[in-house]
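In the two complexes that follow, subunit A is the common piece, with subunit B as its partner first and subunit C second.
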Partner chain A sequence: MSVFTLTEAEREAALLPRLVALTERHRRSCPPYHGILEAIGSAGPYARVADLPWLPVRLFKTHELRSVPEEQVFRVLTSSGTTGQTPSRVYLDREAAATQPRMLAATLRVVLGERRLPMLIVDSRSVTRDPTLSARGAGVLGMMHFGRDHTFALDEHGRLEGVSVERFLARHGGEPFLIFGFTFMTWLHLRGLGLDLSHGVLIHSGGWKKLAEQAVDNAEYRRRLGEECGLTRVHDFYGMVEQIGTIFLEGPDGDGLYCPDFANVVIRDPETWEEAPPGVPGLIEVVSTLPTSYPGHVLLTEDLGVVHGVDDGAWPGKRFSVLGRLPRAEARGCSDTFGQAVA
Partner chain B sequence: MTGLGGGPPVRGGGRVRSAVAADPAEGTLDLVFPAGGRVPVTRLLGEVAGAGGLGVGDERVRDFLGAFGRRLLSPALARRHPELASLGFFLRPGELARVLDGVRGGQSVRVPRGLVFHIPPANVDTVFAYSWALSALMGNRNVVRLSPRAGAVASAIVRALRETLDACDPEVAGAVAATQRIVSYDRSDTVTAALSAACDLRVVWGGDRTVREVRRHPLAPHARDLAFPDRSSFTVVLAPAWLAAPPATREAVADGFANDSYWFDQAACSSPRTVFWVGSRAADCDAARDDFTSCLALAVSRRGWTVDAAMAVEKRVATYGLAADGAARSVGFHGNALASVVLAGAEAAPRRWLGAGTFAHARLGSLAELAGLVERKDQTMTHFGFSRGELEELAGVLAGRGVDRMVPIGSALSFHRVWDGVDLPAEFTRLVTVLP
Partner chain C sequence: MTHLDRLRYVFRVSLGLPDDADVDDLEYRAIPQWDSLAHMALVAAIEDEFDTMIDTDEMIDMSSFAKAVLLLEKHGADAAS
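Let's look at the complex of A and B:
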């Protein structure tokens, strides 16, 4: 059963009581969250999802935010995003840890079907074996659950292993198979293969920054992969460790990212903090009912995005794009701004 | 740190120069003043080693600084970069004479230290000029390391220095060109090490990390460091005095406070981060704080200070973080430009930067309560409503535990020859004992 079924109005009606309940649950069980809501004077009743108080996602890097006692923490997820930054810490209890892969599977089912597909990974096996697992490695490991007969397209040095890919296609190329990789890696390596990937379903993520530098946008990406590899089923997705299990998945027509039924986005004008209308870019707020063990159900990201349309695409609800990341604020002051530059 | 001025905030745009990274093996750097060009550090040191003959308060240097100051005060330049007007003001002949008077007298003969190596912060564009000018006035040979990341204001200063040099009397130009150097280089241990080993005094501005980094390079045994590490500043206001002040006064003080704070995105070490409201009645303190915040919001919008989306998010992260820690009782926003945090207690006063235009507020029963709160890191205390006697008494009570400056609100950024408790002209000289 698909999790891309709710119109915007239905979604609002379905999510509001569940997100309000989560807000109250976290308010009761997570003292730092309680402190924040007190300080900003946020008290119910909340009439709309957009009225719910949001947390800046970076707080998961600076603070320990959990709504379950320490002894009930089953897994702590960390992700550094960019190297050198403090990682986010996300606390899952047994229930949340069980729910998130189940909901991720339900989300991907709409494009992958019911059965596990043979899986070609546009990366090297070594990224999954690094003791300090990178976000990339974690992403690959997470996606591997959804495939079988995993084949890595790159060797340990990141060079394309054409022979393994050919062998993979000889075994599976005539039936549906899954290709996964980071957007930039798939762009870099798939086009040069000169192989027929027309039965493949490509799932990719990781952002467009590097491709934007080469003036490649999503339309160009899809066009060229279609022309050069025969890939027609291509799905970008957007997600973050702070809302693990929730991904926003590109629709079949490449006309934007769609929200699964248990999630939504609110694009906020960073000046007024009000919801921006379709077509007007702003900061992306992501809401999801999955974060039950930590207050991550309403998060303000540092990504800019825009809603293209509501209930007007292949799947119901909002369809949106991620436009890029806010730069990190820099001060003009005299403290320590100089350390790296001197000596 | 410097440059109180009028007009809207000026953001650094251009860069001083593209600055090709110095080859560490070669130890070369880019000369920015008196002329351009690329020179090995050894040659630069050779050039300035023997140069000299400057004395404390040398007429030629005073001529040059005076002419430079006048150039900075030219309407076109001052309009584009208001902080340069403050520097120009500081360099007026009368002001320079006052500085010299301040170090005159006594039984000894005051002489220059020799070669002074200045490492100013990258982001407060005018500091290097104050540091250099005072040292030059004291007759020193100077090498100023300008960051390749220095902004448009630094470029304007360098341009004005060069123009002053071109226009001045050849004898003056000769003396200045022989003894003064502004250079630029990217990370280079070789260059920093060579300059450190050669100088008689090293002046390091710009934060704990920079100071630690630079201290890895040994000085000559007789030489010394003058370090200006990370500092933090706060404001004290007598609540009843605020409530009793006429509207025009409150408006002017709010303007001054906005200037102190927003000029360098509140990250200058002398910009206030916490406002302590002093009063025996909590209701007075709360009323004064709320009225002050309203006045400040007006001042900020009058002056057109704004913050961008990234800064707005930064402030949310910082203030929500304080609330999560239990340090903040309430967090309020007047648009993105002004955030007010009411602290759970005065001891929670944050020293770290919380984003441009984020002010923590706390209540004190009396000024003396500061004694238990002040730290060595605290630099400037801007104040309103207290008498000189009360402030002097407080300085005595604090007994050097912290706070180097007590100045009225609005003067936090005004440069003074005594900075961080250091009398710069005195530090830039030595004393020769002469007994007949």
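Let's look at the complex of A and C:
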């Protein structure tokens, strides 16, 4: 039942034909994507996943990239990412909209099981009511599908509601329960509770920027939450709206993010665009078979990352970390080329 | 009330629809009231009404009233009512 089963060689063999087929499907059905492949002279045949042409993720902010006719668009997802930026627009048909939550559920099953667990959310209920639905609200809402008896740890003003949390723990604290929140929020609020969270499974996401400013890294985060709350089952994840349904999930030992069987990462040297070997940081390219209605199956992110090892951890395949965002000026070179190609 | 009528009632209450609304052909996200937040409230209300537990995959697959009927029957609701 787990989707963390394929070694790197098996994954490459499984993904290559499916990603090649998606490249051709999007080339036929998405004119701007076709234009980009023409402009960069990418025609195949593609011998390796790393040979496939990638799209810079920011193109979803500036271009309408879809591979289904307008009348088949069932949902348009938007996310601003960083405040002030133009939102990305991701077009899902019925099939893609139905597949993505199933694959997300399959990915999380390895740590959560089949059951919807009682769920403590380290946020305010109001984030889910925001009509425009911020990235944060959308994230909370998406995760809420994996829980029951949803309890928000913060009040409408963002203050910790210790009593609510105590009541939640009185009801559920002796059985497995789910805790979800953004990395910084969980760090800020969980440690102050002084409560036993040892039966909890903590899922968190959102990045380390704010914690890095306080010189808190993942090892310190895990150590302190373990010591102060009894939390031993802690899983960070990395994902983006442009590849909705695909997340890279931290393994049980905290030794990196792992790829589900339908996805992988390629770390690229930002100077040469060649694949960087394990241990050498570069830009993160994410590949996934889920984007069928829009050309998001091979995306170059603006995040820096590093592969720590391959087939050497708790789950097979690559394990990697996200190191932070590439400074803006550096990212401009590649996406300008693509921007002009589709203009 | 049959389990179908009870399910119709749960749908109307959870989605904030009028008492006489016809819900038999409803599909997830086809009306503004049945959004992602309402879906969770609906699933919780079905669990309470029929004293059952709905798993993650079942919740994701419950994309229409008709699918909710099938789900309930799988959980044995037809035998109980």
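Here, the second predicted complex is superposed on the first by the 329 of 343 C-alpha atoms of A that agree within 3 Å, B and C clash if a C-alpha of one lies under 4 Å from a C-alpha of the other, contacts with A are read in each partner's own complex, and residues count from 1 in each chain.
One rule holds for everything that comes next: a residue touches a chain if its C-beta (ideal position, glycine included) is under 8 Å from a C-beta of that chain, and two chains touch if they have at least 3 such contacts.
Quantities reported herein were computed from a predicted structural model and do not represent experimental measurements.
S.K.: Contact-wise, after the overlay, does A:101 reach subunit B, subunit C, both or neither (first, second, both, neither)?
M.R.: Second partner only.
S.K.: When the two structures are laid over each other on chain A, which of subunit B and subunit C touches more residues of subunit A?
M.R.: B
S.K.: Determine, under the contact definition given at the top, whether A:28 touches first (subunit B), second (subunit C), both, or neither.
M.R.: Touch partners of A:28: none, neither subunit B nor subunit C.
S.K.: Touching A:171 in the superposition: subunit B (first), subunit C (second), both, neither?
M.R.: Touch status of A:171: no partner.
S.K.: Quick check on the output: what are the common subunit A residues between the subunit B footprint and the subunit C footprint?
M.R.: Looking at subunit A, the two contact sets are disjoint.
S.K.: Touching subunit A in the complex: which residues of subunit C?
M.R.: It comes out as residues 29, 36-37, 39-40, 44, 47, 53-57, 59-61, 63.
S.K.: Of all residues in subunit A, which touch subunit B in the complex?
M.R.: Residues 31-33, 35-36, 38-41, 55-56, 58-59, 62-63, 65, 270-271, 283, 300, 302, 326-329, 331-343 of subunit A touch subunit B in their complex.
S.K.: Which stretch or stretches of subunit B touch subunit A in the complex?
M.R.: It comes out as residues 1, 11-12, 119, 121-124, 127, 145, 147-149, 186-189, 192, 205-210, 213-214, 216-217, 228, 230-231, 264-269, 271, 308-314, 316-317, 319-326, 328-332, 335-336, 341, 353, 355-356.
S.K.: Taking the touch rule as given, give the residues of subunit A at its contact with subunit C in the complex, in rising order.
M.R.: 74-75, 98, 101-102, 105, 109, 112, 114-116, 128, 141-142, 144-146, 148, 150
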